[in-house]
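So that you can tell them apart, the chains are marked A, B, C and D in the order they are listed, and the count of residues begins at 1 in each.
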Amino acid sequence: MSLQVTDLRVYYRTLAGDVKALDGATFGIADKEIMGLAGESGCGKSTLGNSLIRLDGRMKYVAGSVNLDGTDLPIWDSDEMVHYRYMEVSVVPQYAMSAMNPTRKIGKMVSELVESRGVSYKEIRPEFERRIDLVGLRRDVTDRYPIELSGGMKQRMVMVISTLMDPSLLITDEITSALDVSTQRAVAETLVSFRDHGFVKSMMVITHDMSILYQIADSILVMYAGKLAEKATTEVIIGRPLHPYTRMLVSSLPEVGVRYADKKLTGIPGGPPSLLHPPTGCRFRARCPLAFAKCEQEPPFVEVEPGHWAACWKATGSDA
Amino acid sequence: MGDRVRRYFGRKLLTYSITFFVAATIDWLIPRFMPGDPVASLVSRTNGISPDAAKALSDYYYNLFGLNQPLPVQYLNFWGSLLHGNLGLSVYGHGAPVTDMIMGAVPYTLALLIPAILLSWWAGNSFGALAARRRWLDSTVLPMGYILTATPYMWLALVLSFLLAFSWRIFPLSGGYGFNLEPTLTWLFFTDLVAHWVLPFLSLFLVMFGGWAIGMRNMIIYELESDYSRYLEVLGAPQSLVRKYAFRNAMLPQITGLALQLGVIIGGQLVTEIVFSYPGLGHLVFAAIQSADYFLLQGIFLFIIVGVLVANFIVDIVYVIVDPRVRVSMTGGTA
Amino acid sequence: MQLGKSRVLALLAAASIVASACGSSSASPTPGATPVPGTPAPNATPAPATPTPAASATGLPATDSTVYPREQTLYTSGKQWGAPSTWNPLDPNMAMGVLGLQYETLFLYDPIKDVYTPWLASGGDWDSAKTTYTIHVRQGVTWSDGSAFTADDVAFSINLAQNKALGSNLFDYVTSAAASGNDVVVKFKANPAYQEWAQWLYNSPIVNAKIWTPFNNADILKNLNMNGVGTGPYTFKTAAQDRMVWVKNPKWWATAALNLNVAPTYIVDIVNSSNNVALGQLLSGGLDLDNNYLPGIAQIVNGGYNVTTYYAGAPYMLSGNTAWLVPNTKKKPLDDPAFRKALAEAINPQNVVVKDYGNIVAAADPTGLLPVWSKYIDAAEVKSLGATFSTAKAKADLAAAGYKVGSDGFVTNKDGSAIKLNLEVPDGWSDWMQAETLIAADAKLAGININPTHPDYNTVVADRNGTDKAAPVFDLVINNDVQIGNTPWTYYDYIFRQPEIAAGPARNRNYEQYDNATAWALVQKLDQTPVEDTATMKTICSQLQKIQLTDTPIIPLWYNGEWSQVSNNVWTNWPSDKGAQIQPATWNGYWQMGAIYMLTNLKAVPKS
Amino acid sequence: MSATSPAEARESAGPIISHQVAAPEGKPRGEFLFFALRSKKFMLSVVILAVLAVVAIFGPIIDSTDPVAQNGLPMQQPTLDPGNWFGTTYFGEDVFAQFANGLRASFFVGFLGGGLAAVIGMTVGFVAGYRGGWVDEALNMITNVFLVIPTLAVLLVITSYLQARGVMFEAVFIGATSWPWAARAIRAQTFSLRSREFIDLAKLSGRGSRQIIVSEIASNMSSYLLLTFILLFGGAILIAASLDFIGLGPTGGISLGLMMYNAVTWAALQLGIWWWFIPPGVGIMATVGALYVMNVGLDEIFNPKLRTM
């Protein structure tokens, strides 16, 4: 088990009050595992992703622990976390297109970055260039400015940079959403190859797009309204999901590449509840076709069968 | 690449020269458009002389200023003599060459403008950047910036001159150098020169400083919120590096600002020089306005136009050097 | 060339200042941010009462001629409105002091005592027929280049008037001027213009024949004559955009001949800047004599600044010239004497005197004759004909003259058309701009609609003088061109000048375009009256006054002051009605009206 | 370059406005109000401006003395008794009346001048930025010419033909000459928006350029445009002040700049009439300063990134 998250709670401070964006998450990612993290926008995916590496100004750590390769990450202490960022945990951000300083040559920027982390650019350069070849870029991109690269090139470049320190955990956030379908595939495959080359030990792939996960993820974790809904191997989630919400997500699969953020979820009225004052009990209750009395109480996230977790009274079969 | 650059600057130069031509022509029209007869005004200032003497004097001035030629000829002469750096003769100076009068004043103006602009730009930007990271500065000193930049130049100048020169006698009240001195290469003269320079400089500096500081402070905050900053932070880069990048990028728009500033600041310059009767161009403009000397005005404005265009062109060049984005877009990203 | 020099210096300024600025990282560059003690500009003198010699503090030799020790220097301002640009004594735009300090005249004239004092002439006299005048040239006078001053120089200077480029009318009544020994004999045509000749004697510079002969041609005015050779108490030191500096001429003839000695070693005349700068310089002891109009003098003389004026109380100043209203007598309704008279009665100059000038000027006599000419005023005529302020009488006279009051309360033309008179004064002439609003307000009460405007100076001149294309279009302007002088003839010549002068720059008289042959004949008769024959002068003047007060070609308002504010911090014994009664002005023409004695009277304040 | 606009320099210098335009998706209006009420900068500036506005609007009503009537005692110190709160000038004019009316004039100039400049700047900026190509080139040229011709010179020529010029004229003149920097800025913004998908969408749906500019670009830049207007507003006031100061202001009436001009001409400071000199300066400082602060306040409200809480 390379990553173990236990009852992690991270809220957003707003003038109106705390938004419970991540309200108790417990799961793990094994070595070599690529875990997909799926859910509607605003369900807390990104919050989870960010909280594992850097809490921004408005995020507040409430409770829970994150253990990476046997060491607890001090995620509540930004200064302490610095030592783990990039080295142990790294990110390929959503905004990869604009992640590189527009006024620095890429090579120069990378060297300044790694040197600032106490790594000699000179020593790491050969490996850096090897990986540039690997993602199919010309080595001289290091002498270019970001503006000189196409979207896909930037995307790949950022992936190389983010993984240069061979982190134990790589978090990728919606990296494909801005790309056309063919490039999406390429990027997805690159991710897998990174794992296979051992540039990263395990990966958390945050995305809207189930189809991508279907291609590359070993397991999929589905979130809804700040809580974990279901986790299992990709086959299980796609084949026989237990949680009604998961079913809906999966139902959108055939139309490859279409993100259901774009289209209304079939047949289900309303949207996710406000996380400012989330409802008691099962948070999916309001939209759930199968909702019944028991759902007044909050369903636990339990292992219904080996390697298959779900938070639904129906799923756990205890509906008597 | 090379000829791309050449084409880029070529186009710039063309635009600038057309702009110059238009502006200069408008400028030339000023004295011709003005109602009244400058010579008549000049003569009428010499009261008590006999009508015959007045006649003789006016004839003398008419052919001195070459006003007894048809307009088209005057226009051609204007461009012709312009090439020889000849801007005609000043009414205010009773026939002294405008070029000489301008050249006599320009150094004072530059001696005020260049340090005031560059120093305020430098100090303002550094301070703004500082304020952007130090909360207490942001909430204490920065408000001063707003007050300063909202102060009319002449008002600040008047307050300074009243307090520091008139009441407390720390600095001289007016003039370019002591009325008790003649220009010599002596320490005495030099210090006196500087003493007279300080207050006008200060009034320009302070107002501009406020503007730069605020501008920079805001730009920096935007840069610190930008994606590349976040990416660096996520990868655990130290604040020093993040700020280095943010400052560098925030600087770029400030350079454009500098270009516009260089031209427009003449306004502040004008009133400041008037307050301290500092013998620069602004003071000359005022004198020209007061004595309706439109030849002198025409000359000064022409000079300003050129100055502004040159300044803008320099900034264009600087920008190409400092901002890779411009450079790249110019060279079309070929590699 | 002074401009060349200022360029060098300013480049130095630029270079040095940029250097010092870049050297310092803070807002105020420390090098020289505070003046070196003892060597501040005059306007920064720490304590005017105890001036430190500039030199001593810096170890520079006290004789360093590029630093003027405060206690040896007289700072003046008020004459120079632009950078000094020509030092040609024949050019009316000559720099301050060229005629008076550097070049001199044959006589001086004292308008207060009405006496002529021999100066470069040791005397002069008419023959019995009064058609030949013999000038006795003073002996022992030397030019500043050391050469001797001779009768030839005088004869040459008189004959310069034949140079058309100078447009002098001297030879309209003079036939010849020739040196004979130490005398110069001037022969006149019949009925010489005695008044004008007397004026010429104390107003025209005597130049060096040898030096000026080559310049005596059509381009004589193009000779800027910087650092020229004169006979006067001062010689050219330096000049710049903002100053004119004279240095004492140690070999001045009058020291030996008349035991006169000018006190200041240096005279620095500062080009006029704004009111408040000038006032600041005066109050902080940086200026000794200011001949500008300054506001609030009444407060300042009692403000403990050690600043005084000619009179300790109102009107504080001598009267220098008369400000009067010029009506365009070629336009309705101003072509009607009755209307002009009513207008004169409607205006209360006292308003301007008090509200605008705060009592530093005096209301003018109905004749407009300056106090120095008061002996020519015919009290009887004034009493019977003089217009005095009375809104009621103005209304009555307007009604009597057939001007009916319209619905808007303003009188209308006889044909019923509305009357709206534009009163123009040049923009920026702050005291006059105040005056015109007060005048308009007064006129309004009497039902006369005056619209106060202040276009720029060029426009005012164009409207007033007219151009070769257009006749004068103004309704009303204010004018004060006639300065004090030796004869009221100048005043009447100005008002009644005939025939009408062609419109344009040359028209500098009779703007009101009033033509009255009788009056003009009298003016010429006055001109041809010997200056000592005051009896005849008086009779002619009273006849002229009768015409003037009846027809009101112009409307005298107030006596503009001979603005003169002096600081007693460094120099004392200034002219005043209690002390030496001397003209306290540096303006053109005043030096030879006795102001030169101001310099010989001055005493330096002893260093305490 | 205009010798008359020290103010422009400052806006163009400090891009006090964000150079990013808020993302297209609209936010609920309520949110603006919500944050506005909590923004210290914004509220402070609103309060200051409100106070000044009250003085400008009601001052002349409370104290109805003609600001240029010389009917008081000259040079009276300020006292508490009504009609003499700010004392009197060298000529016995009521300084408070001058201040209130001057403030009114300044607001007027700011509003009209700033507004006009904003309109011109936006039109030029939008068209140049949206159309691009030779239209852009041409408009750029015009902008440059306006940027370099000495507007003061033009003003001199015009004024010498006008017997009398009012505050209205001054405002219009300032509006007509102070727009170039705004045009440049807006052009740049439009440029960046032009390439966004939602514009292409609008194009595909066959809407005309005018519609697109108004309904798509302008609406998405609304906050930016407001900020621009605020800066032009403050700028116009400062420009007017310096015009008045060199004697090219209104020939009649009163304005803060004219007060300053008169106070200096009549040597108020040397004569110790500080109460004549101080108010106009402070008035302008407060007005323009408040506008600038409001600008930044609003900026932070419009751009969530900048909200610090």
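One rule holds for everything that comes next: a residue touches a chain if its C-beta (ideal position, glycine included) is under 8 Å from a C-beta of that chain, and two chains touch if they have at least 3 such contacts.
Owing to the predicted nature of the structure, the values given are computational and were not obtained by experimental measurement.
Chemist: Across the interfaces B-D and C-D, which one involves more C-beta pairs in contact?
Modeler: B-D
Chemist: Can you tell me which chain is nearest the middle of the complex, judged by mean CA position?
Modeler: Taking the mean of C-alpha atoms per chain, the most central one is B.
Chemist: When the centre of a chain is set as the mean of its C-alpha atoms, what distance in Å lies between chain B and chain D?
Modeler: 22
Chemist: Find the geometric centre of each of chain C and chain D from their Cα atoms only, then give the gap between the two centres in Å, rounded to an integer.
Modeler: The separation of the two C-alpha centroids amounts to 46 Å.
Chemist: Can you check how far apart chain A and chain C are, centre to centre, with Cα atoms defining each centre and the answer in Å?
Modeler: Distance between chain centres, rounded to whole Å: 91 Å.
Chemist: Can you compute the centre-to-centre distance for chain A and chain D, using the mean CA position of each chain? Integer Å is fine.
Modeler: Each chain reduced to its C-alpha mean, chain A and chain D end up 49 Å apart.
Chemist: Tell me, which residues of chain C touch at least two other chains?
Modeler: Touching at least two other chains: 274, 280, 283, 428, 456, 458-459.
Chemist: List, in ascending order, every residue of chain B touching at least 2 other chains.
Modeler: Residue numbers touching two or more other chains: 34-36, 166, 274.
Chemist: Which chain A residues touch at least two other chains?
Modeler: Residue numbers touching two or more other chains: none in chain A.
Chemist: Can you list the chain A residues touching chain B in their complex?
Modeler: Contacts found on chain A: 53-54, 56, 81-87, 90-91, 93, 95, 98-105, 112-113, 116-117, 140, 143-145, 147-148, 158, 161-162.
Chemist: Using the touch definition up top, name the residues of chain B that touch chain D in the complex.
Modeler: 15-16, 18-20, 22-23, 26-27, 29-30, 33-36, 143, 146-147, 149-155, 158-159, 162, 166, 207-208, 210-216, 218-219, 221-222, 225, 253-254, 256-258, 260-261, 263-268, 270-271, 274, 282, 285-286, 289, 294, 297-298, 301, 304-305, 307-309
Chemist: If you look only at chain C, which of its residues touch chain B in the complex?
Modeler: Contact set of chain C toward chain B: 3-14, 16-18, 20-22, 25-29, 31-36, 39-46, 54, 58, 60, 65-70, 73, 75, 81-83, 85-86, 91-93, 164-169, 221, 238, 240-243, 245, 268, 270, 273-274, 277, 280-281, 283-284, 286, 428, 456-462, 465, 467, 481-483, 485, 490, 497, 501, 504-509, 589.
Chemist: Could you pull out which chain B residues touch chain A in their complex?
Modeler: 226-228, 230-238, 240-241, 245, 248-249, 252, 323-325, 328-329, 333, 335
Chemist: Under the definition above, what is the set of chain D residues touching chain C in their complex?
Modeler: By the definition above, chain D touches chain C via 70, 74-75, 90-92, 159-160, 163-164, 247, 251, 264-267, 269-271.
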